[in-house]
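In what follows, chain A forms one complex with chain B and a second complex with chain C.
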Partner chain A sequence: MTLVASAAPQTTSSQGRRLPDRLDKPFRSALLSWEMLLVLIVVAIFVVNSFASPYFLDPWSLSDLSFNFTEKGLIALAMALLIISGEIDLSVAAIMALGSTLMGMAAEAGIATPGLVAIGIGTGLACGAFNGVLVTKLGLPSIVVTIGTMSLFRGLAFIILGDQAYKNYPADFAFFGQGYVAWVFSFELVLFVVAALVFWFLLHRTNFGRRVFTIGNNPIAAQFSGVRVERIKFVLFCLTGLMAGIASVLITSRLGSTRPSIAQGYELEVITMAVLGGVSILGGSGSILGVVLAAVIMGLVTFGLGLLNVPGIVMSIVIGVLLISVIALPILWNRYGPRKAF
Partner chain B sequence: MNAQASISAAAPAVADPAPRLVLDGIAKSFPGVRALKSVGLKLYPGQVTALIGENGAGKSTLVKILTGIYQPDAGTISVGGEAVTLGSAHRAFELGITAIHQETVLFDELSVAENIFLGHAPRNRWGMLDWRQMRARAREVLGRMHAGHLDPDTRLKDLGIANKHLVAVARALSIDASVVIMDEPTAALSAKEIEELYELIELLKAQGKTILFISHKFDEIYRIADRYTVFRDGEMVGEGVLAGTPQSTIVRMMVGRAVDQIFPERTPRLGAPVLSVQGLSHPTEFEDIGFELHQGEILGFYGLVGAGRSEVMQALFGTTPTSGGTITLEGKRLTPRSAAEAIEAGIVYVPEERGRQGIVADMPIFKNVSLPSLKRTSRSGVLQLKNEFDLARTYTERLDLRAASLSQNAGNLSGGNQQKVVIAKWLATKPKVIILDEPTKGIDIGSKAAVHAFMAELVAEGLAVIMVSSEIPEVMGMSDRVVVMREGRMVKTFTREECSAESLVQTAAGIAA
Partner chain C sequence: MSASLFRQREFWLALAVLLLIALVSARFPGFANPGNLAQIFNDTSLLTMLALGQMVVILTRSIDLSVASNLCFTGMVVAMLNANYPAVPVPALIVVALGVGLVLGVVNGFFVWRLNIPSIVVTLGTLTIYRGATFVLSGGAWVNADRMSPDFIAFQRQLLLGVPVLSWVALLTILLFFLFLTRTPQGRSLYAIGVNPTAAVYTGIDVGRTKFMAFCISGLVSGLCGYLWISRYVIASVEVANGYELNVIAACVIGGVSIAGGIGSVLGTVLGALFLGVIANALPVINVSPFWQMAISGSAIILAVVLNARGERKTGRIILKKAEAL
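Up next, the complex of A and B:
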């Protein structure tokens, strides 16, 4: 009733009833959004940490901190789109391991840096395409397919490497994970910011992004409206694989060595980033801004725990609790919180 | 013929004992629709009463009220002379009312015996399930209905549909149900299985059970029922003893004397043929479909539910595969393999299942409308919201959409306004052929009239329209020609002058006129 009343003034025009574009106030809904909550959390962590440690706000320690989330964050950007479309990819960490292993092999064989990068990225793309074909052509559920390929890809890495490690990377290969573009801004951080802008544009400003949201909301109606659902899902799996390939180049370059257990457990942190960022695990909604904020929060949390000398297993418990609560929270938020019209 | 014989056999039973179940003044409304307006129904023990009516007459709503799933808005129900409230499915079950549906609601993973005794299984003195007694009693019940060939330990999913019906009936017998509702029980059965079902019904009758039999098929009704009750548009329009009542009388009751809705006046001006379909076939759903559609024409498709009409339409729209035949659009061969290809070519489809296939409920109106037109509203793949709003406003205003704003979620609109969003979406693609599948199903009278007026406007502008409808007044009021389908085949095509309500119903049900 109140909605109709506020639309009333426009009906007085001689043209007859005119439907307004929107009624909600963009400023007010932005204030009440999930992203705003994340911003508050980021600010709170900063305030607390800067009181706790005088070195926290030092540009170089913040720069070091960013390495905690850039690699996973890059994958989370693509994962967000995939989850919004109603699918998921649990094999991303295994793709990183396989990519790293193949790069290590190539480096042993004397292939130079450009070739290694192409192999890492190519491996990611191929693995993503493989997942995509299994899901869209054979109609298998993505959670099952990617649990399978998770074992498959990492299993291949183990077969190739055994309990050894590749360490003979060319010197200039170190730039991607250890280099700085300018002052404190690492190559990884700059790449993450650029990728975030690209994915923000893709998801929120293009036809492709609109179709991704539509598929996640109602795949059947989307198909009946002429959206090529399978094709878009395939592209999303390829994109996720591609980002995992890029992440495998970064982590290999940063560590300078490859073991088959590299990036173990990363898939859960990546998914936690996406879901904490407000991406609905049921598909259909989410935003890149939220994912970027969530990546920063995850980075701050793991960095903070690291400073406190918390052992790895506790870290894993924290991630687990965080994952469950961020899946529950947005659902409760949507059920009881203010409704968003967009 | 053979129907006649069974009537005379059943006739002596038709004395009038006290009715077992009486409904009086039952009414039920859903948002925008009055499904039942004060209906009455009497069911007698030892007799089969057939409930007859078109799709949407209110039969399934009544079944759901009788089984405690829906609560009536008004009216009384009495069982065995006592007024009762069927507050839940469990309460209806306690009162001995049980239903056997077209798709039986049993549990595939459980055994025959478990399905029969679910909720009232025999227990031993420790309160545990008494499996031995359960099996023995299941065997006894199955034996009573000459279904001894069923092993109580078989899992239900290993049985065919006919045997599943037997289990459902055994369940009814095991609780000593006094009222058995059969909702189109023969829909999935073979001729032999149907005969077996008839025998079972006779057996139930002999045991004094009260049976409500819902069917679209007249031969079945005359074969098995003693009495009839006819529903039309949520009202009871006639009842009586079946013996001696000719089919034509019942058909007249079903369709009503006059088409009392007002449809837009129009003088059809047929242009060149737009769409030509020849020999279109599907492995199981339809066969040898052929017709021609002209500019400015509304071609109606009438038939019973399951006659294959929607499947044909979805084949034209590229979402159902075909096994043969040709589709020609404006002289060009077309084999759409996806909705995207059909839309590209100029064929669009307003689906019957609006909520599932038509709208994206959690997205705003303007995004729903612009979805298939994004190529036109965007600039090199980049969204242009202003163009989308303009497009959505242009087409929704033509349809007089009632909404607060274009950013309101489509799912929050009434059924009629949701349908307007779907139609606006398709008009925005500037189609050549628009297929409407049950375009006014479940929407209020006002929106119905708006959709009808708009269809008339569209054909006046030279668009070609195919309308699938199960509503006789709508088919007759809107169509220039009517194709009647039955069991996946085109039976007959009527011109506007030839078609009468009786002839349509009879052709669709397979009764020789």
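Up next, the complex of A and C:
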């Protein structure tokens, strides 16, 4: 309290000078160049792919391509905010598995589509809130907590399903993962674009978003500045859970069946998307545009190599190399490049 | 003295493991006989060794997510060597396994040390790269038991004083880690940079190089376990130990290793691994479906973190939290 009071006169006395509300320009341009780098990669992959395969530049091919990243991308949007705030959630794929399993159970019991969607999204929200309580109320490190809940959530799915599968979903449930809103634009793609816009606005245009950055840069300073650190982190965990819940509806609807191993390993791909998109794993910086571009890149690489009959696991090498090199190259550039960027 | 014993996390953990064994053996007396307990230890050997390697990395405030992929790749290398050149003796293969594992660890360590990239990012990348490389190396093919030489399979099953070689290797590893972490300057420096990196620099410890060393150790252990895993389960494929890195980290966390670095003991980690091992072995005995295992170990992790956090808070070095309360 005393801190706030003593700080107030200072701000009024320096009213003539404009306080910078953003970081210095060189850093901003470096951030810009990061997204430029991603754009260049997207263009390069586009060009290479369209030369490599005649089937690539077809509207329907590109539409199919979008299924490679929409579900993971939706989670990556929320994950970006969570990582910027200095936390992480490794349990997202397990949340998808549990959500899908509970939806399958409900479908067996004859519950209709709206009910199923509510169950999927509700499960995600509940799991996210569970993570949030453990991290913010009990003050536990999120990486360990979510490794635990990852086993717990997927473990519950295994207990319920064992080696069985749920397949009896109502016919109209298929719309979310297989339906098209207009022409080649699938429901998943439209949802991803809308969510990206919402998250862009939330992170870059609202007080909430600026607080997320503040927390990531210095949680203690944020606390002293009157930011409710714990509450915002809790909301972010809920948000990530919510997106995982939505993704579980989409993937269940797209595949039309549920096994407990559904979406296995997605958490690492989601985090890769966020980090590739320029979100600092140490928190405090990142942008939604970068994450969207990274999602598109991962979709393009997977799909392009798939057209060339490259097996999925080899694509994962490309993703891994991309992840490390995209972070290592700017560091090397700064160190050995012609002149220091900042 | 007894008061300090009760405050030791290892004591409670050991009690938990014993309680678990007692509970199971109350209904199934055969469970607690020495032969079965030795069998459980043997089953848990690989997890124990990997957890020790992981602990060394976590002590330095880093994490190595690539251990299982390293194990998979190294295992494939020695399995293919053995399948194509059966004449190569097992000791030579072990040296190869250690060497390959070390190289993969060096790669992780290099990026963390020289480029200062957060370890979670580096090892997230190498996690997929090493497993992908396994696929490229093998062309997606498996190496089955019938293509492995008898020596290759039999080595770890040989009995030395009635105990399989695998258990001896684990015991030796535990001893080496204990001596390394408690009796050498390098071992102590791992704790130093975990507790307070800035202070460590002022005492003359090179933080980056110490982290590099930790990743090398983790790589070495993963490499060794690569051979042992393949010769134990006699199949080498791209899917070997998929996702096992999380079990390894779970063993560390249950064993009281703090993810924030600087806290953890060899005894605790071994007990953490044994805890998971006892659960895995007890479930079929008490007739619970193995599908329960994942949820149980997940709950154990969360419980362990909650208890660890309470223990750490008591010793309290957090000055700012106090300031917050004002």
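We take it that the second predicted complex is superposed on the first by the 277 of 342 C-alpha atoms of A that agree within 3 Å, B and C clash if a C-alpha of one lies under 4 Å from a C-alpha of the other, contacts with A are read in each partner's own complex, and residues count from 1 in each chain.
We take it that contacts are C-beta pairs under 8 Å (C-beta built on N, C-alpha and C of every residue); 3 or more make two chains touch, one makes a residue touch a chain.
Not measured: the values here are computed from a predicted model.
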Inset, instruction - In the overlay, work out which of chain B or chain C sits against more residues of chain A. - result: C
Inset, instruction - Check whether A:284 is in contact with chain B, with chain C, with both or with neither, and answer first, second, both or neither. - result: first
Inset, instruction - Could you look at A:220 and tell me whether it touches chain B, chain C, both or neither (first, second, both, neither)? - result: both
Inset, instruction - Using the touch definition from the top, say if A:272 reaches chain B (first), chain C (second), both or neither. - result: second
Inset, instruction - Name the contact category of A:134: first (chain B only), second (chain C only), both, or neither. - result: second
Inset, instruction - Considering only touches as defined above, state whether A:228 meets chain B (first), chain C (second), both or neither. - result: first
Inset, instruction - Examine A:208 and indicate which partner it touches, taking first as chain B and second as chain C; both and neither are also allowed. - result: first
Legend entry - Where chain A meets both chain C and chain B, residue numbers: 220, 223
Legend entry - chain C contact footprint on chain A (complex, rising order): 134, 138-141, 143-145, 147-156, 158-159, 161-163, 220, 223, 260, 264-265, 268, 271-272, 275, 281-282, 311, 313-317, 319-321, 323-324, 327-328, 331-332
Legend entry - chain A-touching residues of chain B, taken from the complex the two chains share: 317, 319, 338-340, 342-344, 349, 351, 356-364, 366-367, 371-372, 374-375, 378, 381-383, 389, 393, 396-397, 400-401, 403-409, 425
Inset, instruction - Mind listing the chain A positions that touch chain B in their complex? - result: 3-4, 7, 16-24, 205-211, 213-214, 217-218, 220-228, 284-285, 341-342
Inset, instruction - State the interface residues of chain C toward chain A in the complex, per the touch definition above. - result: 63, 111, 115-118, 120-122, 124-129, 131-133, 135-136, 140, 238, 243, 246, 249-250, 253, 259-260, 289, 291-302, 305-306, 309, 313, 320, 324
